[in-house]
Amino acid sequence: MEVKMDEAALRDFLRRDFTQVADDFDFVEIAPPFVTMALTASDKHLRPGGTVSGPSMFALADVCAYFCILSVLGPVALAVTTNCAIDFMRKPAPGRLLCRMELLKLGRALAVCEGRLFAEAEPDRPVARASLTYSIPPGQSERPRTA
Amino acid sequence: MEVKMDEAALRDFLRRDFTQVADDFDFVEIAPPFVTMALTASDKHLRPGGTVSGPSMFALADVCAYFCILSVLGPVALAVTTNCAIDFMRKPAPGRLLCRMELLKLGRALAVCEGRLFAEAEPDRPVARASLTYSIPPGQSERPRTA
Amino acid sequence: MEVKMDEAALRDFLRRDFTQVADDFDFVEIAPPFVTMALTASDKHLRPGGTVSGPSMFALADVCAYFCILSVLGPVALAVTTNCAIDFMRKPAPGRLLCRMELLKLGRALAVCEGRLFAEAEPDRPVARASLTYSIPPGQSERPRTA
Amino acid sequence: MEVKMDEAALRDFLRRDFTQVADDFDFVEIAPPFVTMALTASDKHLRPGGTVSGPSMFALADVCAYFCILSVLGPVALAVTTNCAIDFMRKPAPGRLLCRMELLKLGRALAVCEGRLFAEAEPDRPVARASLTYSIPPGQSERPRTA
């Protein structure tokens, strides 16, 4: 799958579209249809006990799906998340929290991603899984409409 | 349905269990099996254009489900969210964002909540809907196990 | 909300679009944005012990959402379900299983429904809850596109 | 991961626990934490046009998750599905429909699976993705409780 935006281009979009949280996230690997990002957890992302909060994990999955789509679709104005289903399975070990997201479908109207979150030290022990749907504004996707 | 914790008691739990975000949320109504809470959106909750971000809406739904369960279950140590399915449907109008959550099931092991998010000025035009499952630690629920 | 199709018209669509299963389902109430349908459970819908199976509950929710959208959108060729999140909460009591579905959003590209399933004898004790998204083919909805 | 039940043992359970639908499903591969099953679609599984219906895809994902858990947990009385999130992405090509399910977590109270459905002829073009949670009756899992 062709990379339409490289890491530098995606980073620019991150700074532009996610102003308030751009410093929280990092790109780890851009290999469409996969994109891996990391959350640099600070105090605001933690619950008592030092566990990364559910909303912070949701935020990581959401931003990672967004850039997973953008890496393939190119630098277009993208619509919002329309749906997310997330399962929280374990408490993450301390350290960087990663999300590896896969683009499963890029239709004319909808894009569907699926991914897993895991502590960098334990890649084979997912702490959460998430699937997300983004709606794509009319005319932005060159692909034949499948949904 | 009996109220096991009133607003003052719930507020204490909010300050204890959600230290970093306690100031972001407010109780609007506690009427089990319904609990309504509000997000006082500040800059950190907004995306460019002034829209409340998806993760902020998720956070509101998550905290509201937690206190919806606690209001009926009483002041016990509650386990974490295990699942959330959320649909984002419209951009919220400016102003306070509310979430009205209903406890649909309180079993021995699992509690299920469902609710809607809406701008305070437009209660009949939901901006999002969410369903969440919380796992309850063994021995914390007096109810007969149904799941 | 205006009813674009009455019960007779919806029944015709049921026979046409759901040939193999039309006899399994019945309309109970058409009151947009709400539509209530019933599953007439026969042996093929049951698991050992006489419980209605998960797939049969899914089927009821799916068909009910479809006709909930059609009752408002009118007799148009509707695209498929794109997403469903369903929580199974209790075993249904014997007798007819009902689903009451509400249309939460009808956009140009997507329609979102949410509903509950319950035994006819116990309307206040939901056995399951479900939310579904349907994609609407281009040009079928007169509404301004919101997603 | 140890296989606690081989194909013959799983097939016995399929005939016992899924009496009405046992003939619809086949085991393709048992390689814990993965189990792949097939739906032998007949008229009752199809919508007009010959497409496999949503409820039939749900049924395949549900039964595949059940046996994915059983293959690792062993021959125990398993509780029901508590949650499913499913995304329908494409129309399946004609022929056998497969589901490859992975067990992501086996806790004391909950098991979480995730998988994809695809036509046998197009394994790299998923027609749907699904995640499911099963609740496990107390005392059935030897594993330390994690949720």
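Order of writing sets the chain letters: A, B, C and D. Residues in each chain are counted from 1.
To be clear about the criterion, a residue touches a chain if its C-beta (ideal position, glycine included) is under 8 Å from a C-beta of that chain, and two chains touch if they have at least 3 such contacts.
Since the model is a prediction, treat every value here as computed from it, not as a measurement.
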item: Chains contacting each of subunit B and subunit D, listed by label; value: A, C
item: Most distant chain from subunit A, judged by the mean position of its C-alpha atoms; value: C
item: Between subunit A and subunit D, centroid-to-centroid distance (C-alpha), Å; value: 27
item: Whole-Å gap between the CA centroids of subunit C and subunit D; value: 24
item: Distance between the centres, which are taken as Cα means, of subunit C and subunit A, whole angstrom; value: 32
item: Contacts with 2+ other chains: residues of subunit A; value: 80, 82-83, 85, 87, 89, 133, 147
item: Residues of subunit D defined as touching subunit A within the complex; value: 85, 87, 89-90, 104-105, 107, 112, 114, 116, 126, 129, 131, 133, 146-147
item: Of all residues in subunit B, those that touch subunit D in their complex; value: 79-80, 82-83, 85, 109-110, 133, 135, 138, 145, 147
item: Sites on subunit B touched by subunit A in the complex; value: 16-21, 43-44, 46-48, 53-56, 58-59, 62, 80-89, 91
